[in-house]
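Please read through the structure below; I'll follow up with questions.
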Amino acid sequence: MSEFLNVVISIVFDGLAYAMILFIISVGLSVTMGLMGFVNLAHGVFAMAGGYATVAIMSQLGIGFLPALLCAGVAIGVASLVLEQTLYAPLYKAGELDQLLLSIGLVFMASGAFTYFFGPDPISVQIPDYLHGQIDLGVRSFPTYRVFMIAVGIAMALGLWISLERTLIGARIRAAVDNRPMAEAVGINVNRLFKLTFALGSGIAAIGGGLAIDILGLTPNFAIQYLVLFLIVVAVGGLGTIRGTFVAALALGIIDNAGKYLWPEGGAFFIYAVAIAILLWRPSGLFGRTD
Amino acid sequence: MKFRTYGYAGALLALSSLPAETLAATVRVGVVLTYTGGAAQLGQQIDRGMNLYIKQHGSELGEHNIELIKRDSKRPGGDIAKTAVQELITRDQVDLLTGFVFSPNAMASAPLVTRGQVPMVIMNAGTAWIPSLSPYIVRVSFTMWQFGHPMGGYAYDSLDCKSAASGYTDYPPGKDSVAAFKHGFERAGGELVDSIPMGSPREVPDFTPFFQRVKDAKPDCFYVFVPGGNHSTAVVKTFADLGMKQAGIRLIGPGDITQDTKLQSMGEDAVGLVTMHHYSADYETPENKAFVQAWKAEYGADTTPDFMGVAGWDGMAAIFHVIRSQNGKIDADGAIQALRGWKFNSPRGPILIDPDTRDIVQDVHIHKVVKSGDRLAIQVVGTIPQVKDPCKALSLGKCAN
Amino acid sequence: MPSLVGSHTRRQQMQPTQNNQHPSRRHRWHLAEALPWVIAVGAYFVFPDYLAFGTQILITIIFAISLDLILGYAGIVTLGHAAYFGTGAYAAGMLSAHLGWNEPISGLVLAGTAAAVMGWISGLVLLRYRGLALIMLTLATAILLYELANTFEDITGGFDGLLGIHISPLLGKFDNDLWGHNYYWYTLTVLVIVFLAARRVVFSPFGRSLIGIRDNVQRMHAIGTPVYRRLVTIYTISAGLAGIAGGLFAQSNAFVTLDVLGFARSGTILVILILGGTGRLYGAFVGAVVYMVVEDELTKLSPEFWEFGVGLVLVLVVLFARRGLLGFITDMNELMHKARS
């Protein structure tokens, strides 16, 4: 295989795996921000909680990584409903600045609480042996866990896309994102719809948090550390679109990887420069509606 | 520790039985550590090391008491630490200052320490020239040069590395460490083919693109520096995932990448790693065995001290030495005088405070990760005795003046 | 204020209720406005041991006022205001460290000027955008500056910080002493000047037109206000004041690191202003004092878990006091008036 082709494959493949983490964690944020206009800076908390829940469930119940991941997703999804009911719902009609303050407050609280219960040390997770090592995909071999990540990410994107495009609930969500007063006028219960998507988005982020441990590690600071990254993916993709979030995650993931491989001295410069360029060009994001 | 201060009251018992003519003093020590944020784990290790020493040796202070006043320095920005130090000096009137995880926090505080005449015992902050910023600074931790520089020579001579690439977290300790390695490696005759900055210390990046770049460049050795904490596990995993070992590349670095607290989570992939450092919990010396045993008894069997914890322990030993030698009445010049040339049998081995530079002199060991039963362990395969900071000793770069 | 995200969900944002008085009476001084200054002067005598901390609070108030000008009065939400604080800090620091320009007052003026220039240049591009795009663009701009400062560490000192800042005594007499006496007065004086300037701007016809832009940008376009130019002007002024705060920060600490440009600083100042209340200038005072004192006390109480407490305070404030603490006081006042009548 030529040297050049090898480099290109490396960049695209590694970028893909990274992009999937970005996508899985950010997609819920995009939908909730698009649907409710709620600036939820605390979205990363669900991912962080999902990571800790995965590890705790594995050690407490003695079950494997994959079932624990699912349990964590469900548990955090349900728990997020409680938060939504008690803290978020009273603020839907309030100003965005109040929402900002509330969600930042939640991030702080989560950071302190997780430090108290799990300590400041990074947590690692025991991934099953079959996800270890390298897998030969014909052209060359790739790290198994990353192949798995890509598969999960694509499956999730497809699943979400089908349920949004092909089901009744999906149609209602789209209607509510496009024009909320009209959707309410034709009898769609937007609030209930929102609770559903909120729980779903949080649950998916929780799974993303669990999947990310092996690549990014996990500390009580996770929600703050990666907040900016998730926001950028959402803004670049455009609010309330799964396709946009997916494409944005892919673009940013792969470009970030290419930058780090080819020009590591550039540091984090690349991803932000690209984000700025895209937003200057399309302020509503790649797939956001311009109005 | 939820409480603001931690007064050791055990000595109070002794006090009641002592004759009244000896004056009992309470020595106030300001502790500035990073207790929250990404580096909170480092603050916790040092804090635990410190408290363990007080618990084990508190009675050696005789009639004197020690009171710790703790402050969170939060970020590595210098300002929060500096304000904390200012208040500790002017309002709490501390006799000594200690802690300091991040170098900029120590550097920003240095002028205050000089002006307020308070001795400062640094327990981490490894930027080489820090002790020269104030005559009242003493350091018990390490400098990056102490590991990177000997590693360069060792890699060429003993690990058969003729060419090497380096990757480092993009901030001063990383740059220091790689500069030290480069100097040592090239002096021995090796060639450093690539040097890759790998993101900021704030968050763990996806290391894959950096490592892939090294894999494609095919050097004999890959020298990696990442800060103690979250990064190291990801380094070892990425190295294994990319099959770099099979590609004939050897992973080496300072001991930060085989930190005791992270070692077990790295799994089998870590076996065979060679690093250079001044401490591991697996050292077989009686001092260390007692230290690790006491640590596990105090903080739980599944915990382990690492080089941060031992810095907390040694730093507190230095402070005890000052208190005893000054009989509870701390005077800055006297305290620094007492610490110049101070020798101590630390869990890490014999240490000495260099009388000229007020910096640590210590044995540096070559670590190899081996499998021992069902756990990973550090095996010492070589020792370089009593290493002074090569940066200052050789007058290199910023240490020249 | 136009909605940050969904463009249709709430076109009309709730705004801080402005006084319903006649415009000509609004800019008159109220007796209550003396309160913060009495407290600031009194604090010097009551808390003589906290003056370094007090100086940091005063600097934060200046920084928050600068943010209030654009957020509270012009509706520009930014997560990158540290860009201008940092520019000012580096300008003041590098003047001393590299050029030996140690005179503090002229250094401060230059710091403000440098930040204003930076604000003007970036504002020309940024202010063509609104909503989420603007937030993300301001954020990314600040991060790019951070990366730039990290890359050119030979000049900036990078992560480890800029050493060698030696500020001369103020007016040739007053040094930055260990207790921070002189710098408390220095910072307080600068705060008074900044506040008077900001108040002047806010109550000028120019300031009124900003409020118009914030509340209904279409209308302002319709009546022929040069919206974009107005926004660039106020953004430049705001950046300059942020730069003065940054310059004071550099001079009082005699130290600058990359942290002055960090996301945490941009985020914290936004939280502080919202906590106090936007669009009323005094929100900056209330927010900075409450936030910093609460954080400081909690940190001393529990160095490890204070974040939980700070977060709890923010959440409780949002739940029980909308539009910040000053908004809450206004609401209570109105309630009491209603109850009486």
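General remarks:
We just call them A, B and C in the order they show up, numbering each chain from 1.
Please note the rule applied: a contact is a pair of C-beta atoms (placed from the backbone, for glycine too) under 8 Å apart; a residue touches a chain by one contact, two chains touch by 3 or more.
These numbers were taken from a predicted model, which means no experiment stands behind them.
Among the other chains, B has the CA centre that is most remote from the centre of subunit A.
When C-beta pairs in contact are tallied for every pair of chains, the largest tally goes to A-C. The distance from the centre of subunit B to the centre of subunit C, each centre being the mean of the chain's C-alpha atoms, comes to 38 Å.
Rounded to whole angstrom, the centroid-to-centroid distance between subunit A and subunit C, based on C-alpha atoms, equals 32 Å.
Contacts with at least two other chains are made by residues 36, 40, 43-44, 170, 200 of subunit B. With touch defined as above, residues shared between interfaces to two or more other chains in subunit A number as follows: 111-112, 115, 120, 265, 267-268. Counting partners per residue, subunit C has 150, 304-307 as the residues that reach two or more other chains. If you check the complex, the residues on subunit C that touch subunit A are 1, 3-10, 13-15, 77, 125, 129-133, 135-137, 139-141, 143-144, 147, 150-151, 263, 267, 270-271, 274-275, 278, 304-315, 317-319, 322-323. Across the complex, subunit A meets subunit B through its residues 3, 6-7, 10-11, 14-15, 17-18, 111-112, 115, 119-122, 124, 133-134, 141, 143-146, 214-217, 219-221, 225-226, 257-258, 260-261, 264-265, 267-268.
For subunit C in complex with subunit B, the residues that touch the partner chain are 49-50, 52-53, 56, 150, 158-161, 163, 178-180, 249, 253-260, 262, 264, 299-307.
Across the complex, subunit A is touched by residues 36-38, 40-41, 43-44, 170, 196-200, 202-206, 208-210, 212-213, 216, 229-231, 233-234, 237, 240-243, 261-262, 265 of subunit B.
Here subunit A touches subunit C in the complex through residues 33-39, 87, 90-91, 93-98, 100-102, 104-113, 115-116, 120, 179-181, 228, 231-232, 235-236, 239-240, 265, 267-269, 272-273, 275-276, 279-280, 283-285, 291, going by the rule given at the top.
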